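Structures are listed in the sections that come next.
Paired with chain B in one complex and with chain C in the other, chain A is shared by the two complexes that follow.
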Partner chain A sequence: MHKIVESLNYLGGKNMATIPQPSERLDARKKTSGKAKFVADLTFPGMLHAVILRSPHGHALINSIDISEAKKISGIEAIITGKDVADLVINIDIGDQQPIAVDKVRFMGEPVAAVLADDKWKAAEAVDLIKVEYEILPAVTDAREAMKEDSPILHEKQEDYKRHGETNFTAGTNVFSHYKLRKGKLEDIFEKADLVLENSFVYPHRSHTQIEPHGAIAFWTNESEMEMYSSTQSPFFVRTCLADMFAIDPANIIVKAGYLGGGFGGKSDVTIEPLLAAISRFVPGKYVKLTLGREEAFTGSVIARGAAVELKTAVSKEGKILGEKVKIYFNSGAYGSCSLHIVTAAGHNSSGPYEIDNMEVDAYGVYTNNPPVGAFRGYGHPEVHWAKERQINLIAKELGIDPLKVRKINLLKPGSINALGQEIELENGDLAGCVDKVAERLGEIELPAETDNLVYGKGMAAMMKSPVMATNSAASATLRFNESGSVDLAVSGVEMGQGTKTAMRQVAAGGLELPLERIKIKEDISTDNSPYGWQTIGSTTSWKGGMAVLDAVQKAIDQLKANAAAVFDVAVTEVEYADNKLYLSSDPDKILTTEEVCFGYMRGNGYLLGQPVQAYGTYVPPELTHPDPETGQGNCAAEWTFGAQGVVLSINKNTGEITVHNLITALDAGKVINPVLARNQLVGAMVQELGGALTEELVYAEDGKMRNNNFTDFKIPTPEDVAETKMEVYFFETPEPIGPFGARGIAEHGTVGIAAAVGNAISDALNIEIFNLPIYNEKVFMEMTKAGDLVV
Partner chain B sequence: MQEINITVNSKEYTLTVPPYMSLLEMLREKLNLTGSKEGCGNGECGACTVLFDGEPVRSCLVLAVEADKSEVTTIEGLSNPDGTNPIQEAFIAEDAVQCGYCTPGFVMAVQALLNRTSEPTDEDIKEALGGHLCRCTGYEAIYRAIKKLVK
Partner chain C sequence: MFKKFDYYAPKTLAELFELTNENNEAQILAGGTDLLLKLREKTTPHKMLIDIKKLDNFRGIETKDGYLRMGALTTIREIQASKIIREKYTALYDAAKSFGCLEIRNRATIGGNIVHASPGAEFGTPLFVLAAEAEVIGPDGTRVIPIHEFWQDVYQVDLKDNEVLAAIRLPYYEKMVSRYHRLSRVKGMDLAIVGVSVLALDPANIEKREVKIAMGAVARIPFRNKEVETMLSGVKITNELLVSVKEKLSDSIAPRSSSLRAKPAYKKAMVGNLTEQALLELGLLEEGE
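Let's look at the complex of A and B:
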């Protein structure tokens, strides 16, 4: 393990060997006693309820809407259809979506009308009475199909859409984005290679299924001032989007976010907020609440993943990858903004954690008649790692060598140039160490002998992840001393279970050398007075938020020193801060406590020296750029987290039933701020991804109807599924120079390689090769019964 | 509308409820006991679990009118007079809580299990958690918390 402490550049290079550890998560007591309030738990006097009429069709023209019967229900305050809000456009990156469909619906679940009533049952009754005449259009639900010339087109006039920034679309087709990466030259590499392996892999759509369905409450004072409570990971981002949609100043929109019942990316960007804002504007002076039912949460927010990845890999007989052609087709659903950057992230990371000198990557974002795809834990990485890490094993099989050997001769190492053209440095993390650790653990685990019923297998995957974010994606923090010497801290990230507030309090306590109990952190966010934060995404909150906290800490210490210098009547440079005290460097016995100076120092006669200490800290990842339009390269990833994952499983030979015995992750976390929280993030991510590996897939009929929008038919992991599974998490700590105390992002990373490790373990057990997720028991059983050993 | 008499967390109430209102809605909307959560409204997730005459039920599947003359305990009613409860303490100690949305349901399920037996087997535990979904924790810490309680 590398220790490069001297490269740390925060707080004058101070490294916190021990960050203060709390005995429990900050919010655990409230959450275990039912006291924690989520948006669905809030009510306001006179509050109205919104119920949404949603399209039952995947693709259809709206010929007419008749609300006359619905209007007759008593207690109805407003019925709103697309025509009433036709001037509103949701333009995150691409202005292709409206809060309510106007002339045409493009996915099952798209809002068609909304009813506001004083009681949710009346609203639902009225919704049932709205008559819509649809003209059904042919639908397309697969990205590669949607790119064919005869495919139905979802957006006839893409060229008319307003856009924020460049999106590489092709008018008249379903392609709304094309990310291109070019590194080196492929030229005749495929002719010269010892092995050329071409495979296609599919990672289908999933649903985030946060146990808390999306909810929000809006209140317009007048038509240009609004307040909203929302189950959002990104209150500031919601504010920006709504301000843009209504063309009003963001300062006139207040978005509040408290506890979130799970996010995983599916509550970032915007989901139901533009819809609720648009419809509640018709009833100023009244609170309007919209909460999704479970089926609606499947179809009426965003869905996840959905990519086909085609790899053509040129390899030497030793297993060195000479060049690779990658095509990624993202099934982005009906609207593109929320998956635009996933397409790019997948493109950036499609090399996997390997140095490949010659690469051509084409990643397409494609419209289809499915609900729009949004961010989901892993953000493009699990999709490409499913392909890449399976491909590595398939290469090894073809060459008759150990897959570990193929991984190791291709791994990125210090001095390597990654796909983006960035040079990998020692401080990016110990990738080889993580790979070795997982390989070692897999080696140590002894498998029982094969029986008539059971066969065992082991598999691994190496991985890397970088967050994709706006180049100005800031995080910030405010830090204010109270008269008692305690501290009020606020940080921009939303608490959604990842424990960010607990960790940020630790960072502040570590930086200020104050006991944890002296730091009070604000748990909710309100955009009017909370420190600004772009979005709570990309596992960046502990990293960027932590840096913002340390910036505030540094500024607060400077102010404390200035106050003390005024008391000592010396230059500020002569004052030191340590251990919650200020002292004169030339005479360490001259001491002032923080408490004495944090509000300014008052002399006996009331004369005040200095001023109350209040600091604002910010952090923006340094020197980020957009990818170059031609090569796709650039400094687009501010940090990388490297790791490896492993799986041990058994398969019942009579049924194909898979039991997972071990889930293993080794990750270079830089610095683990809170070992309990960190481990539990990784475990949660591994199990969540196991769902993607084994059971989760949204199924559509040909006309675009989603067939399994409930927990009975869309199966996520249950307690029983992992009752016998041993979870193993190993952290390496190679400090990240631009991370707080050296920490880097870890919360999503447990998802990245699990599916591929499962696929590789199944190959190990049965010598059958799976290319398409999920790996249902039945699929394994069918493969086992087929003749031959290499099948789709 | 129908009148019902119900005891919730040892307090007696007489309430007028519409016939289609679920017990979960009654608890949350009429009594402001929002600790029980709705994750699906369909009996598939367990977030709404309460004790109904001592038995764990999905309160989203029970009509309020069916709860007439019965006794209901919710997460808010679990604490001892000193504000603590051993199940909650175990969940906190093992960090079995992330977003916390599923937590009240899990805690109620464990309470029901421990009411039945103080020495549940692994099978009993699995059965008690059947149909409870958590999307955050991966269940490991929840199992650890329960094992801590029965040891």
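Let's look at the complex of A and C:
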């Protein structure tokens, strides 16, 4: 791994042993008492409501749209169809999508028309009166099917699309992206190996199911100036995308984000914002609100995951992986931009946390007639870890050795070269320690005696995760002293329930050595005056945002020192800052308080020495590059978090019902800034991923219709499902050199290995092997029956 | 989103019948936990909702004239909390306990669950084995209908446009035990994949013992297998008998293959296994052999 900066010595060598701990989260009382405002709560005088007519079909040509009856409803301000906005293209990376479908719909839920009215009921009534004549086309809902020659093609003219950067598409096919990784040489490795194991694994589509469905309000002053409130994780990114779509300067667009009722990546790119911006432009001077219903949130935003992973692994009899061929078919849905980089991330993380000298990875992003796939907590990692960590156990089973041994013989360690060609160093974290910890815990947990009906199983997975981001993905912070000596702080991360504001306030307090209550942090973001932040994604906000806060802290301290130096009439190098005070290094009894100098020091006659202290901090992960087009390697991962996870479960042999008794994560967090928030992040992630492991799967009919876009039939875990589950989280703290106080990202990481650990535990319990998620009761029972383990 | 509708909440039966007489397409609103979904799915015409929650006639659990009467507005939570139901009509208690989640149980009513007549309705199979009766009230008076006749088809019960379900009556037997078991995809807040109720009258007296079995979410309406009931009644229930009972139960159902909740093969296996579980818990299975 590239050595980059020596930030442990940041702030003059101070390594904060203790960071002030808040007694509770900043947003806790507002949210639990209903005082916190979300986009759906906002209302403005004269505000219009938008309701969207969406395609009921997975793939169809639009032959005609008749809005004559709909127009007759009173209170209708505008009805907009694709033809009215046909010149607008959403080009995040690939300009393959338009805000409203023009000639053809490619997924169920794609916008076909929009009605703006002074009342939502009227708009909905009008939507029901719009008549659309469709010509149904054959649909494809599976990535591997979509790559076959006779598959329906979603985008006939990929070559005509504008793009930002290379995407390696194949014109005339459904492949819009092909990420290639080549490391070492496979050559005759498969012939020479003691064992060659080939398996195929599937991780289907899920939904983010944020408790707050997507919502936004737009207001155009004139046709080139707008502001928007949105439930977005990425207000600045929304601004960039809208500016590109309308070809106007980003400065003329203001995007505001307050609290989010969950994001999980599903609000991180753009979802409803281009649509709302396009339709509200027809009614300048009026606010227009669009909020999705639950069913609409399933089909009208982005969905999650969806990958088939094929592994061919060459192994020595000791369990050492000699080489691996990987094929990943990513079911990206109808449009590619929001999953383009997930394909890459899945590709270069398919090695898992292992050193594999010889690798060939081909990851394909494939168009299908499903809603577009976007980022979801884990971002490609859970998909490939599901395959890789199951494969490790299957290798061990074939060789008749302990899977822990196979893991340990292959783990990345200091000096290893990972798939990207980066050298792993000690400071990347204690992967082996995490693996040992989980193995130790699994060993310690005593299982009740098995009965005729009940069997128990234990399983584990090792894991790693890195963020995937633009090479210029900055985070920023502003820090301003008030006349009282208190501080106004703003950071670029959005508060979506992860507690980022609470944590950033702690970082500032730690850096400034101020009590927490002296720091006030701004909880919402407005792109016109908030510090710039690329996106709130990738478990990077505490890490990058924290570095930006520390940069601002350092600059503020420098300014305080300069002010004090003017008072002392010495060179600034002779002033020290500690414990909220400034003093002369040569005479520590000469002291000025921060309060005395933070607004400039005023002499008796009013003469001002120095300046009010205001600092702007920034952080961009250094030295990042795009992957090399041929080898797929490069410095594309700024930091790694290593860990391991474990599961203990029981299975009712009469029914296949699974009860999870322990969920375990050991993770090298670098430095835990807030123990309560950090643990909760991991617990939340484990439970969320348990849904992916056991029950969550979007089901499509052959024609591409989604059959379970509701909570009746898309089942996520409930409190009762984990009522008997002991949550165990263990943190290692090997400081990250480029993290604030040594901290690294942890927010998504609890998802990465859980599904595989569940699969391995089921194998342990019943000696049956599951390759496709989710592992619901029925699947377990039918596999058991097939294995002849049980008489029905 | 659903469409606009008119909302009425009558306080007396007279007011109720005035409304229902004039509005054939009015929907009765009790707890609303099923109706709200129907409104969202736009599967029901719903220009008018008549909320019957203000009618006290339809509340409460009471013993009366040799039977237990549950007002149609009795919430699932009230059923779950009732001592007599837990002890005497255990299958009903089991159904209440596994119904939805706490919030839904606080809101949903027994009447609504039955009138909605979903194939997997939680209270379907318990009421079928308990030989429940539906007490229906209309402007012309009260009718009492056996549950298996009242429950006509999927989403179809024997209610005229101007009638409402007032109560459920359960006959009282001195010696009666029952259990209900169901499977679902998640443990909290889910519909039943399949459910089975087993009841035995005079359970300790093998010769006089009468066993009843009903299966839910396997056919259009709750389904009692009389052949299996005959096989199990008045005899020792051995493992050998159980094997053929499970086979018969499995053969007697043909669940639809389009279900999102489970495939037919799984349901066919589960009806037998859940029945076995219930027989075991009721102490009806012979030990050993």
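As a working rule, the second predicted complex is superposed on the first by the 778 of 792 C-alpha atoms of A that agree within 3 Å, B and C clash if a C-alpha of one lies under 4 Å from a C-alpha of the other, contacts with A are read in each partner's own complex, and residues count from 1 in each chain.
Note that contacts are C-beta pairs under 8 Å (C-beta built on N, C-alpha and C of every residue); 3 or more make two chains touch, one makes a residue touch a chain.
As the structure is a computational prediction, the values presented were derived from the model and not from experiment.
Engineer: Contacts for A:712 in the overlay, against chain B (first) and chain C (second): which applies, first, second, both or neither?
Structural biologist: both
Engineer: Residues of chain A touched by chain B versus by chain C: which partner has the larger set?
Structural biologist: B
Engineer: Taking the superposition on A as described, I'd like to know which of chain B and chain C A:720 touches: first, second, both or neither.
Structural biologist: Both partners.
Engineer: Touching A:785, do we find chain B (first), chain C (second), both, or neither?
Structural biologist: Touch partner of A:785: chain C, not chain B.
Engineer: Quick one: classify A:293 as touching chain B (first), chain C (second), both or neither.
Structural biologist: After superposing on A, A:293 lies in contact with both chain B and chain C.
Engineer: Which partner does A:360 reach: the first (chain B), the second (chain C), both, or neither?
Structural biologist: Neither: A:360 stays clear of chain B and chain C.
Engineer: Examine A:687 and indicate which partner it touches, taking first as chain B and second as chain C; both and neither are also allowed.
Structural biologist: The first partner, chain B, only.
Engineer: Once chain A of both complexes is superposed, is A:34 in touch with chain B (first), chain C (second), both, or neither?
Structural biologist: first
Engineer: Mind working out whether A:699 is in touch with chain B, chain C, both or neither, as first, second, both or neither?
Structural biologist: Only chain C is touched by A:699; chain B is not.
Engineer: Considering only the touch criterion stated at the top, classify A:324 as touching first (chain B), second (chain C), both, or neither.
Structural biologist: Neither: A:324 stays clear of chain B and chain C.
Engineer: Where on chain A do the contacts from chain B and from chain C line up?
Structural biologist: Looking at chain A, the two contact sets intersect at 121, 293, 711-712, 716-720, 723.
Engineer: Can you name the residues of chain C that touch chain A in the complex?
Structural biologist: 1, 3-4, 37, 40, 101, 183, 185-191, 193, 246, 250, 260-263, 265-266, 269-270, 272-274, 276-277
Engineer: In their shared complex, at which residues does chain B touch chain A?
Structural biologist: Contacts found on chain B: 18, 20, 28-29, 33-42, 44-45, 47, 74-76, 78-79, 85, 87-88, 91-93, 95, 97-104, 107, 122, 126, 129-143.
Engineer: Where on chain A does chain C make contact in their complex?
Structural biologist: 51, 120-121, 124-125, 293, 295, 654-655, 657, 694-695, 699, 707-708, 711-713, 715-721, 723, 776-778, 781-782, 785, 792
Engineer: Note which residues of chain A are touching chain B in the complex, please.
Structural biologist: 24-25, 27-38, 40-41, 43, 121, 208-213, 259-264, 293-294, 496-499, 676-677, 680, 683-688, 710-712, 716-720, 722-723, 725, 727
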